[in-house]
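Quick heads-up: structures coming right below.
One chain, chain A, appears in both complexes that follow, with chain B as partner in the first and chain C in the second.
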Partner chain A sequence: MFCLSEMEDTVRVPPDLLNLPLEVAIKKVLQKLLLNKVLSIGLCVSIYDIKSAEGGFVLPGDGPATYKVRFIIVVFRPFVGEVIAARFKESDSNGLRLTLGFFEDIYVPAPLIPRPNRCEPDPYNRNQMRWVWIFEEQEYIIDDSCQINFRVENISYPPVPTEQAEDAKPFAPMVITGTIDDDGLGPVSWWEGCSERNNEDDDT
Partner chain B sequence: IFIYVFFFFNSKSFPFFLFYESKHRCEYVCRVKANAGALTNFEVLDLLNSRGASKDTTRVIASETVSRSEYKVYDYLMETAASTQTRDSVTKFSDKCKGFKLAKAEILNIINLRPSSDVELTPILEKPDEREIDIEGILALVQELLPPLPTVEAHKENEQEETEDGEQPNMETSV
Partner chain C sequence: VRIRFPSLVHSAMSGEEEENAAELKIGDEFLKAKCLMNCEVSLILEHKYEQLQQVSEDPMNQVSQVFEKSLQYVKRFSRYKNPDAVRQVREILSRHQLTEFELCVLGNLCPETAEEAVAMVPSLKTKGRAHSDEAIEKMLNDLSLVKRFE
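Take a look at the complex of A and B:
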């Protein structure tokens, strides 16, 4: 889910950082600019390396030194079809929301939850709805008891809204849509001991 | 309630910023190579470790080289298979996978997830029925070359210690 991305840009190093070694100063500026921000290619997770920096000119009327920098960053961008381990965050009548800690905008919409299922008010949490999968007369609750594996269906970068209501959810610049409707997906506790059951069938 | 600030820069080489509560969007036009190589979770964890993420438990001294958001990635990766892997095991596994006719993305996914059963491996593969893939062979290779997942190891260690000392040591429960 991570990859390297090579970029080139003009970086302005403010005067208060110019006493540091150049590479450190440029890295600091890049970190402030890019770290934990969503670019068109994904979420920037780390500055990997600075390949080259040239220039260092101070433009008239401007304090910072301007460098043309080539650098590599580590980007979080899963591919469609990738299976990722995540944790449950919350759920409502539209579906589930999963989190990776550093990225929390993973949604599993209701049609991608295995059926038959039902959605009921969560007895432990008044504000939430709880999803339950019904299989062979057994009920499997989806909650935060264990890791949930999901498969990436789609990644979208919604356009930035120009206006937002006061109580609307914070804008998510990168949204991953996932599915848990397949063998081996969903909470890992659903599939534990499954291989043993399969072996028993083979023996008989 | 959130606060957002607009910044406009005259020079066209500056990015256009829009700040929101948590995640931000940055319109970058100067991109040379969008994909300069995929990384396994292990490699990213190794990178963070080389910057000192594992060494400072207070996370204050190392904050010069490892930022808060990078620590969040570190915490996530420490709970996955990457935390017990070594460069050697990952390279060897990736080499030996060549005989199984798997796509690079699938090999990467297997390394990241470390499936230990048929049902864990099949969602990773694309159209496994049409491709005649040696599922048993891949699982055997995973078992042989890739270290087990972190919680499994903690359980096994504790079981051994229990038989030796008769005491139950503190077990780290993964939440």
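Take a look at the complex of A and C:
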């Protein structure tokens, strides 16, 4: 879920920003530094507020002005055990990949997909395998047709690789492992009497 | 030299203090909270979006994609849209001895029955906690009375 987090840090405002109002300049520097970065407290999605800034001294031989800044950010911070609403992104023989739009490294591995199930080539997408849950002789395909609720089982923070092959997947600093194998989890259409709860727009 | 900035609600940036204070009127309770419901984040980010547009020289770049997509996500997955409703939701949930975390999960997923609520937040029923099904049903009932739209 999203959280507010208060931080204090040293911010260097480069000379080309110093003609802006101070708060604006500091916000710009913080945005560049923190937006879309995974910090220890979560993925930073917005600078909420600058509370105070101290300093403004230019150190000898150094162009930027240095401030000690107290500020608040909005972070996305998943909790183990939290149930989160997501959408389907893709699937392969290992399992499902879900997305929140702003964060896409959510994986539901095969053992956490309810059984019995089967994995088969997707007739609509040659490069993809799709998963089908079988329940009371009915087949339920897992695809992007509706919201999928999953529960966070694990969060990992892989170390930054020192080298990467050219065709390697982009580095994911935070990876969520989720399950859809429990009451209320999985595509919302699976739960009788549960129509889409939230303001879902058409898929566009 | 210590510069203290007024908070978001009274932002001096646009010079329109009164207007900003009125816009973000979901109350101050959420500021003390650490965890936010999607509907609260939606109001916060929407408010920021206007400010971002005003002061940004370059159009939305790669880095602010995360901001836009987060806004998209919370708008899509919030039931309550107007600030009064959002404030009421937190008030109602706050009356029921929930942790910050439980409050936000319930506020985000909007379960309709006590059974669903417990499936989403199993900690409601852990040993020593007093959440009977009746109490949970009452809470969900109070929530259902909050008007979603103006």
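Structural remarks
The working rule: the second predicted complex is superposed on the first by the 192 of 204 C-alpha atoms of A that agree within 3 Å, B and C clash if a C-alpha of one lies under 4 Å from a C-alpha of the other, contacts with A are read in each partner's own complex, and residues count from 1 in each chain.
Here, contacts are C-beta pairs under 8 Å (C-beta built on N, C-alpha and C of every residue); 3 or more make two chains touch, one makes a residue touch a chain.
Being a predicted model, the structure only gives us computed values, none of them experimental.
Contact with both chain B and chain C is seen for A:79 once the two complexes are overlaid on the shared chain.
Look at A:174: by the touch rule set out above, it reaches chain B but stays clear of chain C. After overlaying the two complexes on the shared chain, residue contacts for A:129 are found with neither chain B nor chain C.
When the two complexes are overlaid on their common chain A, residue A:38 makes contact with chain B while staying clear of chain C. When both complexes are overlaid on chain A, the residue A:18 reaches neither chain B nor chain C.
In the overlay built on the shared chain, the residue A:52 is in contact with chain C alone; chain B does not reach it. Across the superposed pair, chain B and chain C both touch chain A at residues 1-5, 31, 35-36, 43-46, 48, 74, 76, 79, 81-85, 100-102, 147, 149, 182-184, 194, 198. If you check the complex, the residues on chain B that touch chain A are 1-2, 11, 13-15, 18, 20-28, 30-41, 43-44, 47-48, 67, 69-70, 72-73, 75-76, 79-80, 105, 109, 112-113, 115-124, 126. Listing the residues of chain A that touch chain C in their complex gives 1-5, 21-24, 27, 31-32, 35-36, 43-46, 48-56, 74, 76, 79, 81-85, 100-102, 147, 149, 182-184, 194, 197-201. Those residues of chain A that touch chain B in the complex are listed here as 1-10, 31, 33-41, 43-46, 48, 70, 72, 74, 76, 79, 81-85, 100-102, 105, 147, 149, 151, 157, 160, 164, 166-167, 170-174, 182-185, 191, 194-195, 198. Those residues of chain C whose C-beta lies close enough to touch chain A in the complex are 1-5, 7-8, 12-13, 31, 33-38, 40-41, 44-45, 48, 55, 63-67, 69-70, 72-79, 81, 101, 104-105, 108-112, 116, 119-123.
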